[in-house]
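Labels A, B and C are assigned to the chains in the order they are written; within every chain, residues are numbered from 1.
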Amino acid sequence: MGTRVGELVERLGGQLVGDANLEVSGIAPLAEADASHMSFLSNSKFRAQAAASGAAALIVSPADDAFVAAGFHGARIVTHNPYAYFARAAQFFAALGEVAPAPGVDASAVVAPSALVDPGAHIGPHVSVGAGAVIKAGAVVDAGCVIGPDAVIGEHTHLFANVTFHARCQIGARGIIHSGAVIGTDGFGFANEGGVYIKIPQTGRVMIGDDVDIGANTTIDRGALADTVIEDGVKLDNQIQIGHNCRIGAHTAMAGCVGVAGSAIIGKYCTFGGAAMVLGHLTIADRVHISSGSMVSRSIREAGQYTGFYPLAKNAEWEKTAAIVRNLDAMRDKIRALEKTIKTLTDPK
Amino acid sequence: MGTRVGELVERLGGQLVGDANLEVSGIAPLAEADASHMSFLSNSKFRAQAAASGAAALIVSPADDAFVAAGFHGARIVTHNPYAYFARAAQFFAALGEVAPAPGVDASAVVAPSALVDPGAHIGPHVSVGAGAVIKAGAVVDAGCVIGPDAVIGEHTHLFANVTFHARCQIGARGIIHSGAVIGTDGFGFANEGGVYIKIPQTGRVMIGDDVDIGANTTIDRGALADTVIEDGVKLDNQIQIGHNCRIGAHTAMAGCVGVAGSAIIGKYCTFGGAAMVLGHLTIADRVHISSGSMVSRSIREAGQYTGFYPLAKNAEWEKTAAIVRNLDAMRDKIRALEKTIKTLTDPK
Amino acid sequence: MGTRVGELVERLGGQLVGDANLEVSGIAPLAEADASHMSFLSNSKFRAQAAASGAAALIVSPADDAFVAAGFHGARIVTHNPYAYFARAAQFFAALGEVAPAPGVDASAVVAPSALVDPGAHIGPHVSVGAGAVIKAGAVVDAGCVIGPDAVIGEHTHLFANVTFHARCQIGARGIIHSGAVIGTDGFGFANEGGVYIKIPQTGRVMIGDDVDIGANTTIDRGALADTVIEDGVKLDNQIQIGHNCRIGAHTAMAGCVGVAGSAIIGKYCTFGGAAMVLGHLTIADRVHISSGSMVSRSIREAGQYTGFYPLAKNAEWEKTAAIVRNLDAMRDKIRALEKTIKTLTDPK
C-alpha cells in the first residue's frame, strides 16, 4: 500500500532530485506530512513551511525549488504544475487502496435481453437496464441505477448508486455520474391555451462527451426536438439544473446549485460559482467567469469575471439600505433638483 | 409512422385549406421543415419565413393566413392558437412512435398484498408498493419507485424511475412525476427548547390534483397537521422545493430551482421564474408573475410582474456599486445635508 | 388511539391542573380543538382564544395561566415551554398510531455477507448493504436505500426510501435521513492543467453526530483528505448542498435550498433561511442567523442577524432602480461635484 518515489516519477514524469528508493504511503498536506508521506508546494507563500517539512518527498515548481532545496532534506520532484502533479499522484495512491468492482451483472439486476452489456462492465444490485441499451467495457453501474432503453454508457464511465439515465441519452468515456443525478428528464416545455398548459413532447436527447463529471442530484433535461449537449471535460457539481437544448462548452465547470434555463449556449473554459443562475436563450462567450449567487440575465460576449449579488450586512443596516434601494429614483430626482438649483445659483441667467 | 394532414384535422380541429391526403411524418421548426414535415407559425415576425417554407403543411393563425397563403404552396391548418395546436400535434406524432409499457407487475417488484394495483397499470422492476396503496388503471410506475402505504396514484399518471411517493399522499389523473422527485417527505417543523430542536411530527398529506406535472428531484413536504395542496394543472419544473402546508393554485407554473417556504398560499395562473424564492406564510394573488432569481419577502395582493435581483456587472464595476450600496444611508445623509445648505443659500431667513 | 391527560403528564412532566382522567385523542390548533383534543398556547397574543377554547385540555405557560384559567373550563398543563411540550405530546400521539417496521431483512435486499446488520434493525425491499457496513439496533432502512461498504448507521436512525449513504461514512443515533438524500458523494475538487480539470480523489468521510435530521434530496460531500463533519442536533431541510470538509456546528438549522461551499466552518446554534448561500473557506461564529436568499461572502465573527437580498418591486419599478444601481458610481460623482460647488459658493476663498 505504498510506492517508491522513483516509480511515481516513472509514471507521472517530473524531475527527481534525491533518493528514488524512498518509500511513500500517500500524500499529506505540508503541515501533517511525516517521513511516510509525500507533500506538495503549490503556493509560494508556503515556501518556508515546505522547506521545513518532515515529508519524505516534495512536489515543487522550478521557481520554488532553489528556496526549498536550501532547507529541505528529502527528495524533490520538480514539475511545472505541482498541484496537477499532486492530483495525479493522489489518484495513483487512491487506486492502490481500491478494489475495482468485479465485472459481471448482479443476480438482482433486471437487464433487457436486447441490451448489450460488455462482459467487462459491472452492473450492481437492483439495477434496471432497458431494451437496446449499451453498457461499454469497464463501465461501472452501481446499485439502484436505472438505464433507459437505447441509452449508451461509455467505456470506464462510472454511475454511482441511484442514478437515472433516460432513454436514448449517451455519455462518453471515463465519465462520472454521482448518486441521484437524473440525465434526460423531460424539458419544461408547454404551450398555453386559455391559461391551461399543454405539454410539448420532449423528443431530443442528452449527449455527453468524454471525461465529464456530473454531481449528485444534478438534473439535465433532454432536448425538445434537438439535443442538449454537454461537451468533453465539463465538470458539474451537485444539485445543478441544466434546461433543455442547452450546450455547455468543453472544460467548463459549475459549482453546486447552479441553474441554467433552456437553450442557453455556454462557452468553453467558463466557471460558474455556486447558485449562479443563467436565463434561457442566452449566449455566454468562452472564458467567462460568473461569481456565486449572480443572476445572468443577458448574453455575455466578452471573457472576464462578472458578478451580481446584494452585499450582506447586519440585518438592521440592510433594512436601511434596502429601503433606499426601493426609492433610488426619488434620490436621483433629488440630485437632479439640487443640480438645477445650483445651476440657477451659479449661473443665474 | 406518419399520418395524413386530414386525419390530424379530424382529431385536433382547425380549418384545413389544401390537400387532406398529404402525408406528414412529424413536426419540424420553420427553418428545418421539408416536404415530409408539418411546421407552425406562432409569431407573426416569422411570416415571411413561413411563406417560403418547404413544409408539406403549416399551422397558422387567421391573422397570418392571408399573408402566408400568398407565398406558401402546401396545405394550411388555420387555428386561433397555432402554438397550442403544434403541442397537440407533437403529442400525436410522439404517441405514434411510442410503445406503451405493458400492463402488469414486474417479477422483481415488491407489492404489499393489501395494495390495490389495477390490472391495467404498469409496475416496473424493483418497485415497492406499500400496504393499502392504490394504483389506478393506466398508471405507469417505472423502475425503482417507492410508493408508501395508503398512497393513491391516479388514472394514467406516470411516475418515472426512482420517484418516492410517501404514505397517504395522493395524485389525480394524467399526472407526471419525474425521476428522483420526493412527494410527502416530512416538513421542516421543530420546537426549540434551550437551543435544542424537538421534532414536530408531520402528519398531514400531500394532495395533488389532476394534470399536474412535477419535475425531476423536486421535493414536496407533507403538511404538519393539515395537508399540502397542489391544485389541478400545476406545472413544476426540476429541483423545486415546496414546504409543508403550502397551497399552489390551479394552472400555476414554476421553473427550475424555485423554493416555496411553508404555509405559503399561492394563487392560480401564476408563474415563477427559475430560482425565485417565496418566504413562508405569505399569500400571493392570482396571476402574479415573479421574475427569475427574485426573493418574495412579503405578500402580493395585486396581479402583475414582480422582480428583485441585483443586476449583473463586470466584477470590477460590481465591486464599486456594491460598496456604495453598503453605504447608501451615508449617501442619503449627504444629499440631505446638501438640501439643507442650499435651502440656507436660497432662502437665508 | 388516545390517552388520559394524566398519563401524558406522567411521561412528559408539567403541572396538571384539573381532571387527570380526561381522555384525549390528539392535538389540534386552538381554533379547531374540540372536547376530544388537547391544544396549546405558545403565543400570549392568543390568550383570549385559548381561554374560550373548547379543548379538553390546554398546554399553557405560567405567565399565561392565570388569564386562561379565568375562562377555560378544561384541564391545564402548566409548563415553561408550551411549544416544546406540544412537540413532545404530538410525538407521543403520532407514535400511538404508528406501526413500527418489523425487524429483519426483506428477502429482496442484497446484504454483503460481511455486513453487520443488528437483528433489531429493519432493512426494506431492494436495499443494498455493502461489505463491512454496520447497521445498529433499531435502525430502519427503507426501500431502495444503498449503504456503501464500511458505512455505519447508528441506533434508531431512520433512512427513508431511496437514500444513498456512501462508503465509510457514519451517522450516530436517532438520526433521520429523508428520501433521495446523498451522503458522502465526492467533493468538487480538481487541479487545472492548461484548462483541463484533473480530479483530486476525495478520500475523507462524512461524520454525522447524534439526533441529526437531513432533508430530502440534500447532498453532503465527503472530505477531500480530512472529513466533513455534521455535529449533534443539526437539522438540515430539503435540497441543501454541503461541500467537502465543511463543519456544521451542533444544533444549527438550515432551511431548504441552502448551499454551503467547501471548507466552510459554521458555528453552533446558527440558523440559515431558505436559499442562503455560504462561500467556501469562511468561518461563521456561533449564533449567527442568516436571512433567506442572502449570500455570505465573508467570514462572520459576531453573533447576530445578517441579510443581503435585493428587495422585490413591481417589475417596472425594479427596472428603474436596477438601472440606477448599475450607475451608482455616477450618482456618487454627481454628489461629490455638488458638494464641491456648494463649498465654493458658501466658502469662496
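Odds and ends about this structure:
Keep this in mind: a residue touches a chain if its C-beta (ideal position, glycine included) is under 8 Å from a C-beta of that chain, and two chains touch if they have at least 3 such contacts.
Each chain and its UniProt protein: A, B, C = UDP-3-O-acylglucosamine N-acyltransferase.
Everything quoted here is computed from the prediction, not taken from an experiment.
The angle of the rotation carrying chain A onto chain B, fitted on C-alpha atoms and rounded to the nearest 5, is 120°. For the touching copies chain B and chain C, the fraction of interface residue numbers used by both falls below half; the interface is of the different-residue type.
One finds 27 Å separating the Cα centroids of chain B and chain C. Residues of chain A in contact with two or more other chains: 108, 126, 144, 162, 180, 217, 239, 257, 275, 309-311, 313, 325, 331, 335, 338, 342, 345. Partner chain B is touched in their complex by these residues of chain A: 108, 110, 126, 128, 144, 146, 148, 162, 164, 166, 180, 182, 185-186, 188, 190-193, 195-201, 203, 217, 219, 221, 225, 239, 241, 243, 257, 259, 261, 275, 277, 279, 291, 294-298, 304-311, 313, 317, 320-321, 324-325, 331, 334-335, 338, 341-342, 345.
Residues of chain B that touch chain A in their complex: 28-29, 81, 83-84, 86-88, 90-91, 93-94, 106, 108, 124-126, 142-144, 160-162, 176, 178-180, 213, 215-217, 233, 235, 237-239, 251, 253, 255-257, 269, 273-275, 292-293, 309-315, 318-319, 322-323, 325-329, 331-332, 335, 338-339, 342, 345-346.
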